[in-house]
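Common to both upcoming complexes is chain A, partnered first by chain B, then by chain C.
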Partner chain A sequence: MAKVLMIHPDKCTGCRNCELACSFEHEGQFRPGASRVQAYTWEREGMSVPMMCQQCDDAACVTVCPTGAMHRSTTRANLVDWDESTCIRCKMCTIACPFGNARYDAASSAIFKCDTCQGAPECVAFCPNGALEFVDDEQQVRSRKKAYAAKFKEAFQEVS
Partner chain B sequence: MISERILILGNSAAAIAAVNAIRARGGKQAIAMVSNEPCTAYSPVLTTYYLRGEIPESALYFCDIGYYREHDVSCHFGTAVIALDAAAQRVTLDDGTRLDYDKLLIATGASAKRVTGLDPEIAAEVRYLRTVADARRIREAALGAKHIVMMGGGLVSLQVAGAVARPDLKVTCVVASRQILSQNVDATCAALVCGHVERSANIEVLFGASVAEITRSGGGYRVCLDSGAELQADVLAAGKGVSPNIEFVDRAQIAVDQGILVDEHLRTTFGNVWAAGDVAQGRNRVSGEVELVANWIDACEQGTAAGANMAGEALAFPGSVAENITTLFGVQVAALGITRSREGDGLREVTYLDEARGVYRRLLLRGEVMVGATLLRDVADVGVLRGAIAAGREPWPSAKAAAKGHVRYTGLFKAALTGR
Partner chain C sequence: MFGWTGTILRVDLTKGEVTREATDPQLARDYLGARGLGGHIVSTEVDPTTDALGPDNKIVFAPGPLTGTFAPAAGRFNVVTKGPLNGVLAASNSGGTFGPELKYAGYDALVIEGKAAKPVYLWIRDHEVEIRDAAAVWGHNTPDTTDLVRAETDEDAKVSCIGPAGEHLSLISNIMNEMHRAAGRTGVGAVMGAKNLKAVAVFGSGPVKVADPEGFKAAVMKARQMIQAHPVGGTGLKAYGTDVLVNILNQTGALPTRNYQDGYFPTADKTGGESLAAKQLVRPKGCFSCIISCGRVSKVDNPAYAGYGEGPEYESAWSFGADCGIDDLDAITKANFLCNEYGLDTISLGSTIACAMELFERGIITTKDTDGVDLHFGNTAAMVEMVRKAGEGEGFGVKLAQGSYRLAESYGHPEFSMTVKKQEMPAYDPRGVQGIGLNYATGNRGGCHVRGYTIAIEVLQNGAVMDPHVTEGKAGLDITFQDLTAALDSSGACLFATFGIGGAELTEMLAALTGLDYTLDEFMLIGARIWNQERLWNLKAGFTKADDTLPERLLTEPIKTGPSKGEVNHLDQMLPEYYGLRGWDEDGVPTKAKLKELTL
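After this line comes the complex of A and B, so read on.
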């Protein structure tokens, strides 16, 4: 069965191990700026949450990509994939994602987005707190993810 | 039963997004599409990459002929719409074809504004960049040229200048205002970009200058400026912004201001006619004004919403956001929302400049919420900033921190997670 990344904000301590694991896996260096997952911390509220590409069904980055480099994978379910060779680095996708989950990295001239490490996410393996999980894409998981996305959507449109 | 007939005028960002939205909803309508260009859909955005020789022409096209077959679209390509009778629900093409519809989407985009006041024969020789055919023509013209005069100093003008300039081909940009990119960024940012332009390419920028007259001279042109100065050129080019393609619209039937007026469902004032993309004029989410916003992302989003509405789903479009991100002479420049502040507009600016790294960032705020951002070189958080500007949220943890570094989070995230 296809798997999806699940976030448990209640368990995240903001230690940023996920960022280190991710950047090492993808770039061979411990550089949080090169990580596809970002652990956000609100100090005053005392809360943290790891964020990465949600592989949206209706992904804005895919809609706006003028070359088709950002596309829904045909070989793997639940993956929005970035094709380095057809990408022209116009950075439209990086504007389109309001959560910053597709970012342009000038140092490597690449678009950084979560690719779930081809099905074996390092962030999950290295999170000491169980705040990240890679689980079967079952109905229950889907609806939790949907509720989470809806919350963001609501906040996004609140003032519009 | 005869299925509903949807007619789409145009074959670019907005038009294709609409087709995708209709078919994604399982719509079985008969869709026909008209484009005055003979080819499948391509992106004008990519023409500058092609001009620079970074991609082959084939890479401009984001739909191949198979796309139209798979989405069951009948194509009338290479013919222009010359008349629309909304009351009769009929469109006339320049080859005499008449197409009847039940629902119509106007997504004919925009064309480069022409320079005025020139001798008509010479005016017809000025090169613009909008279409793939334009790009081919500029490429050919630049081949043997030694000096190109470019009228304008906006994004497209500079991209073209940068693409064609060579050690043996000089481009002179004649710019009416006191800065380049006057429609996109503030004077400080423009000056920083201009430094790059003049350092990295055989380009000269003349400010506060305008063309008084152009006459033929030798095999080329003599360009006389208002100041009395004269330039010799073998190719003329211009980039003066765009204007919507609406010649075929009858204003007595469909309300037009600068573009076709649309409501929040992208519907025009004529019930079964929608408009999306550069041709449409709707509410700007950030300024609150009903104005033209012409960019690729907006065209995609409007096309998606228009398609959904035409397919019978009531999908409100939250409004346009002016936005652009581009690479000029190796430097990333992004402009989001309101980027030009005016005397007495009550906006507060927070800026950050790191000369050593060549980084400049400027946020504009109304009260506590972000309404605009200009980013030079450091653009990694452009999506987060755009999201916050579009939603009218505050920067976080502070505007100063946001201007300085990447906005790792904005009020948008906070609201989503804490409900506040």
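After this line comes the complex of A and C, so read on.
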């Protein structure tokens, strides 16, 4: 079954271990600017939200790519992959992605987007709070739906 | 270099000059960074007798080698300067994300010297550094300053700034980072204020490089697992924050109450971490690279004290709570929010208000002195009003903002100031816990718990157990903790990482990160070197053996109630042994042999 990265902003503490793990895995150094995931914090509200590529089924980055460098993986489900050798660095993908999840890094002349670390995402391994999960796509919706249903259950328990 | 960036940034505010120099690899090895390296810069470049608020003082912002990596809970930096509260070689430690960002911008340290002719802030974007006019932000509180500076620079800039208290040169003013994390102690905010420096904003896009990536990752994974498996580091602090200590210390009989007149507060539970979690906690928060998440995003609904922010830590819950005879957590949290906004040290201000309350109850001051406010212990509204006055620099608040020593002395009664070397002691009564008393007395920045947190052994039984009421073995315990902490602070790690790991794990991470063959022995030697560096500076600044003491009350007035009833602190039984084990003479001066051993 295909797995997807799922984010839980309610559990995120803003520690950015995900960014550190990502940049270390991909670049061998600690450079949050090179991370494919970013956890943004709003200090006044005390809220943090991790953001990363959603591996869209109908991906704008794939559609606009003139060379096919950005493509749906044929070997792994649920992955939009980037091919360094055929990419001409036109940066159309970074313009097309509505989430800002594909980015051009001038220092390494590369497109940075989440590749799920080939199926074993380091951000998930390093998140100390369970704010990032790599789960079956069918299960993630089921779990979230059931968690929300539990709130109804509690509300009705109180009045019944 | 690996671990270090290899560059130190220097800004002269008088001349408006920006220069860069290479980080000396030997100094980096011997002093690590943060408190150690920053301390070396200040101790070699600033005259110990200079005016802390004059242009000749310097202020250093320095992360450590581990800062900016995924070493667990190691995103910290230190502000190092001659401290205006008491004149020591002051190092004030903060979490948040400012330290890592400075590192990503390419700097092992930022050294600020001189004094700007008018209010300015510093904007650092990698190699681009600008001294900018701060007319539009001067006068604003710390959250507003952060937003205003970001609007003028970059929305993702990390901002370290002072509030109105630092501008007014309050000797207990702090430096706030990303709104909620403080370089809290020793009055460092006033040094920025005196230099007309409102804020430092930084955005960095560079790397921290690793010598042995595989070895470093393995050492980090091991350290993470040890912290996560620890009952305090792994679960306790995230669930209840540091405020979980209220009940633990009260049950030990070491929760200082009503300006240290007692060591037990019957209704303390109402101010503890369990109550905070039930009433005010929105969610836990973590600093950069933290896996512990002791931070509290908290909310007060009570209209009298409504607010939203972060806090309180244990020390703040105590200083505005038991120490003022107050058990209203809403008021305590409000006082904490106000301190963060004004840029004031919560420990020092709470203790100063407690001191004022005792002066009031003894009739030494009256409502004529306090702008008409009834300052009896337990007067919740009066406590919050005093915080506001201190922050605004208004009326009696002007005196409060100079700390309890100057307040009590101005009325002829310095004995009611609960300070060591003029800095307010925190929330552990040395009569109920002997070793922490020795740590306060010998503390290089005055009354402070995080220089040698013997509470970990004496109360929390973290790895070892020692009876808090005995003096035997406490001199050695203090020295081990002081040296370990000096090295840990200088590495960029958080003290709370020791709820899970120790010097061995820190050494392992440092060695793999830097590629240097650090051993645990060298790590502890670095700690001793830093401790003695601070001691030597303080002696040159005029401190003597006579300053290594505690307020008379703690040595002669027994605790009145609770589990430690009848106890006083027996400093005289511990101090000579401490000097001996330190390799100092009987006047507390490091011997030549000791200095040679430490290459000082």
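Odds and ends about this structure:
The definition used in the following text is that the second predicted complex is superposed on the first by the 139 of 160 C-alpha atoms of A that agree within 3 Å, B and C clash if a C-alpha of one lies under 4 Å from a C-alpha of the other, contacts with A are read in each partner's own complex, and residues count from 1 in each chain.
Note that in this section contacts are C-beta pairs under 8 Å (C-beta built on N, C-alpha and C of every residue); 3 or more make two chains touch, one makes a residue touch a chain.
This structure is a prediction, so every number in the text was calculated from the model and none was measured.
In the superposition on chain A, no contact is made by A:120 with either chain B or chain C. Of the two partner chains, chain C is the only one that A:31 touches; chain B does not reach it. With both structures placed on the common chain, the touch criterion links A:96 to chain B but leaves chain C unconnected. In the superposition on chain A, A:77 contacts neither chain B nor chain C. After overlaying the two complexes on the shared chain, residue contacts for A:104 are found with chain B alone; chain C is out of touch. In the overlay built on the shared chain, the residue A:88 is in contact with chain B alone; chain C does not reach it.
Of the two partners, chain B and chain C, it is B that touches more residues of chain A. Looking at the shared chain after the overlay, A:63 reaches chain B, while chain C stays out of its contact range. Across the superposed pair, chain B and chain C both touch chain A at residues 33, 43, 45.
Listed in rising order, the residues of chain A touching chain B in the complex are 9, 33, 38, 40, 42-43, 45, 47, 49, 51, 60, 63-64, 66-68, 86, 88-92, 94-106, 151-152, 154-160. On chain C, the positions that touch chain A within their shared complex are 68-70, 97, 100, 104, 143, 146, 178-180, 205-210, 213, 217, 224, 228, 282-291, 293, 295, 297, 308-310. If you check the complex, the residues on chain A that touch chain C are 10, 13-17, 20-21, 23-24, 27-34, 41, 43-46, 107, 126, 128-129.
Chain B meets chain A in the complex at residues 13, 17, 20, 43, 45-46, 49, 54-55, 59, 62, 285, 296-297, 300-301, 304, 318-319, 323, 325-327, 332, 334, 336, 369, 377-384, 386-388, 390-393, 397, 407-409, 412-418.
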